Amino acid sequence: MNKNRVKGHELGEVTCPTGFNWTNLKAELRAIWESSIKAWKIELAYPVSFLRQSVSPLIILLPFLIYGMVLVGGRYSENLERMVGTGDVVTFIFTGYVIMGFIGTAVWAMGFSIRGEQWFGTLESIFVTPTSRLSLVLGMALHSTVHQSIGTAVEFAIIYAVFGLGLKIGGILPALGIFVLMMLALYGFGILVSALSLVLKEGWIVAEGLHSIMMILSPVVYPLVVLPTVAQQASAIFPTAPALVGMRVFLIENYQPEVIGNIFLHLLALDAAWILFGILVFHLTDIYVRKKGSLEKY
Amino acid sequence: MDYTEDDGTYSIQTFDLTKRFTKKKHRGIFGFLRKERKQRKQQSESSRVTVALDHINIKIRSGELFGLLGPNGAGKTTLVKCLSTILIPDKGTAVVNGFDIRKQTSMVRASLGLVIGGERTLYWKLTARDNLMYFASLYKMPRNQAKERVEELLEKMQLSDRADERLEDYSTGMRQKIAIARSLLHDPSILLLDEPTLGLDPTFSKQIRGQIRELSDKHGKTILLTTHYMDEADQLCDRVAFINDGKVVAVDDPDSLKATVKETELVEITCFNPPLDVERHLKSLCPGVDIITLVHGDETKGNPSKIKIIGGNAEEHISTAIDALRKKNVRISSLNVGVPTLEDVFIKLTGAKLAEGEGRG
Amino acid sequence: MPRNVLLQSSAKSNFFIVWSEVVKNLKFLLAYPIVFVFWAIFPIFWFIPFVLQGQAFVGGLQSPSFGEVAGTEEFIPFIILGAILNSYVLTSLYGMGESIRREAYRGTLDYILSSPCNKAFILIGKALSESFSSTLYAISQLAISILFFGMELTLGIIMPVIFIIILLILGLYGLALILAAASLRYKQAHDMAHALEYVFYVFSPVRYPVASLPLWGQIIGRLLPLTYALIAVRSLILLKQNLPAIYLEILALLIIDGIMILTGFYLFNWMEEKTKTSGTISHY
């Protein structure tokens, strides 16, 4: 374990596993798990806040639903059916909106978890441990994904009970596959935002900007075809556009996607690109803040 | 980096370690519109750079309890942060437990335990046990081993009975004990303790000093302790380094350092109510003395102030100084001759008081 | 017993408190120009999805079924006005609480609270500066909407619209005071602000008319000042009505304003006294 020392030191034994090996990988995975558990414990220390956050996805969805239904005077839209083969606005909005929640997870919960540690004052303490910084971010990502999933489940149960949803049960598994691929790319995106949040004093503005742009360029509450052509093309760089189209194909009866292509390949390519880009920027900002000495500053 | 001086017996060794910080000057929102003359710009740029560490070279032997002494802003914390890989130095490097802080960051992090200043380095919303268990996972300890170790450390810190309380209900001293326990989780051979007793009451300070001594004596840890309490360093450290303005001024064991101030070179007058210009006034009356300095005591609480006359022929000026003080209605309570403290040595070497200075420590 | 501190000190000194607070907050605002630009432009991005959603669902810019409940078939100006007025709610819900939290974080809260002046005037100062910046943001958003989304605005209705907005802001001040009172005592007042935001978001006609809600939802909606302000402003701008035609909304706003401001002042003074005795100020 005590490899590559500067000279033949007979110094203290280093017991922590490091490098590329199974023991170290196991230790990193455990650190990811424990970081997520820690985030849960802190979150549950504020029970009111937790309850509020569990219902908030539903609350934010309601205006989109009611507005949509008022526009078409019911839940059937002839125009929507002409565009994508299904006119059921409730199912269309719901499937899109679920994804929107996870965009928020990647940008805010994950991207700003590091900033949260800075606020607690614990950032230096966790950064000085031998655990990889990415594991720390991923631990917080795990927490926020589970958190968002709980909110989504509450939302699904209520919307299903009140409105009913025309979903194909058989399509759930492949849709989940697409969902996982999308989340991987969003993790890459979250890593990028967490890096930016460390360097930029007003990092939340960048995050909010990216969030809003991604929201507009994703077919959350409308099909992509209503966007100008340039915007449709630009949407291909975010995982949410192909993922939403793909998930709707599997989940919604008669859904004929407005934009088609090899969704799986597209998502895999985006996964690789966003994760690598995220890690690269994270690595560079880590060096930058350590050189600049701005780690502890809020 | 040339490691040729490294003979392998040092746990920590720095090589010309240098760190500068550039302070951003606030120019207001329309600052970019203002034109600055080139010369003025260059001038203001140089004044914005603070040299926190200036070619630091220190060697700390394995098992040594090494004190780093200096006023606030001297560069102590910056040195600790560089050694613990939180900061990357601008120039030079250091070798910690045989690993280069620039190239082998994970190994350096795995080699040391760190206690840094600040109240909030732990999660206040978690219990002491939860905090320690979490950090144990970040130090990559297997769960069972971590559990045992956490119990052992809680016991050692005499906090077992309160282990399941949230830290927000702890006192500052108790939280500091948990911070020390955290640094010991992975049983590192090196500990970096940055002002571990700062802000603690005397009882907790004493307990923590006892633990530091024990970690050094019984467990053979190499400890780098930064402090601006001279007594603490004198009491605990095998060797101390004085650091001022980012430079190491002297390194030696406390006794040898104190021996550099000769008996005739030090007079300490303990008194109440000295006038503010007393330093200047006495200096004009006592030629040939290096330094005359006033260390304010909290007189409202009955702690007297001290006037120190250091260097040259200090002893010869006792009567002159006392007469002058009496004339100024200063109440003198005692007089010490030739019993130097580390603070006196520091003052003699730097001309600065330890309580002076502001900013980055 | 809480005293009626409104009558306690001279009007001149109270005006000075409000003035200094406004100046201080505006200086903070100018110290962060990016934040300023953000709020002036970004809320537009939040209603773009609603615009596109409308176009996708109805295939044009007018919806007959929307017109049946809203009185206007043009849904885009409807939601633009909703979003702009709603931003006043957001700033009063979060602006003041945020401002108090910032003081606590900077360590200045204890000094402010231990000063001999009536703290409610400090809050008024904070609220005024929030309103001032909100209005700047609203003007910018409106200008963008006129340029890019085909909003129309005739000069003649500007004064009546400003009058309605002032009535809305007064009611929101009361609400902000209630929240400020809560944040002095409860650490989780932030969650209360969020809960209130949700109530406004769902039950007032920001994106759709109140009539599209179930009856119980309409009743809740009718208790909120934003509901009347939105109906009034839309009547003025979209339905080209004049002030006398919306006298009922104006009356409702005046009543809600009165109730909220009095409750706010009373609660805040009461909570401040209580906090002084139990000592939980700035415990974050």
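We just call them A, B and C in the order they show up, numbering each chain from 1.
FYI, a contact is a pair of C-beta atoms (placed from the backbone, for glycine too) under 8 Å apart; a residue touches a chain by one contact, two chains touch by 3 or more.
Predicted model, so just to flag it, every value in this text is computed and none were measured.
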Subject >> Inter-chain pair with the most contacting C-beta pairs >> reply: A-B
**OP:** Report the chain whose mean Cα position is at the greatest distance from that of chain C.
**Re:** B
Original post:
Looking at mean CA positions, which chain is nearest the middle of everything shown?
Top reply: A
Subject >> Chain centre separation (chain A, chain B; CA means) in Å >> reply: 43
Subject >> Distance from the mean Cα position of chain C to that of chain A, given in whole angstrom >> reply: 31
**OP:** Round to the nearest whole Å and give the separation of the Cα centres of chain B and chain C.
**Re:** 51
Original post:
Could you say which residues in chain C touch two or more other chains, in rising order?
Top reply: none
Original post:
Which chain A residues sit where two or more other chains touch them?
Top reply: 46
Original post:
In the complex formed with chain B, which residues of chain A make contact?
Top reply: 2, 4-19, 24, 27-28, 30-31, 33-35, 37-38, 41-42, 45-46, 120-122, 124-131, 136, 287, 290-291, 293, 295-296
**OP:** Can you check the complex and tell me which residues of chain A touch chain C?
**Re:** 46, 48-49, 52, 56, 59-60, 62-64, 66-74, 77-80, 82-83, 89, 93, 202, 205, 208-209, 212-213, 215-216, 220-223, 226-227
**OP:** Note which residues of chain C are touching chain A in the complex, please.
**Re:** 32, 34-35, 38, 42, 45-46, 48-50, 52-59, 63-66, 68-70, 75, 79, 188, 190-191, 194-195, 198, 201-202, 206-209, 212-213
Original post:
Which chain B residues qualify as touching chain A in the complex?
Top reply: 3, 6-8, 11, 19, 21, 62, 78, 81, 84-88, 90, 95, 97-100, 104, 106-107, 109-111, 114, 116, 118-126, 130, 133-135, 137-141, 143, 166, 182, 186-190, 222
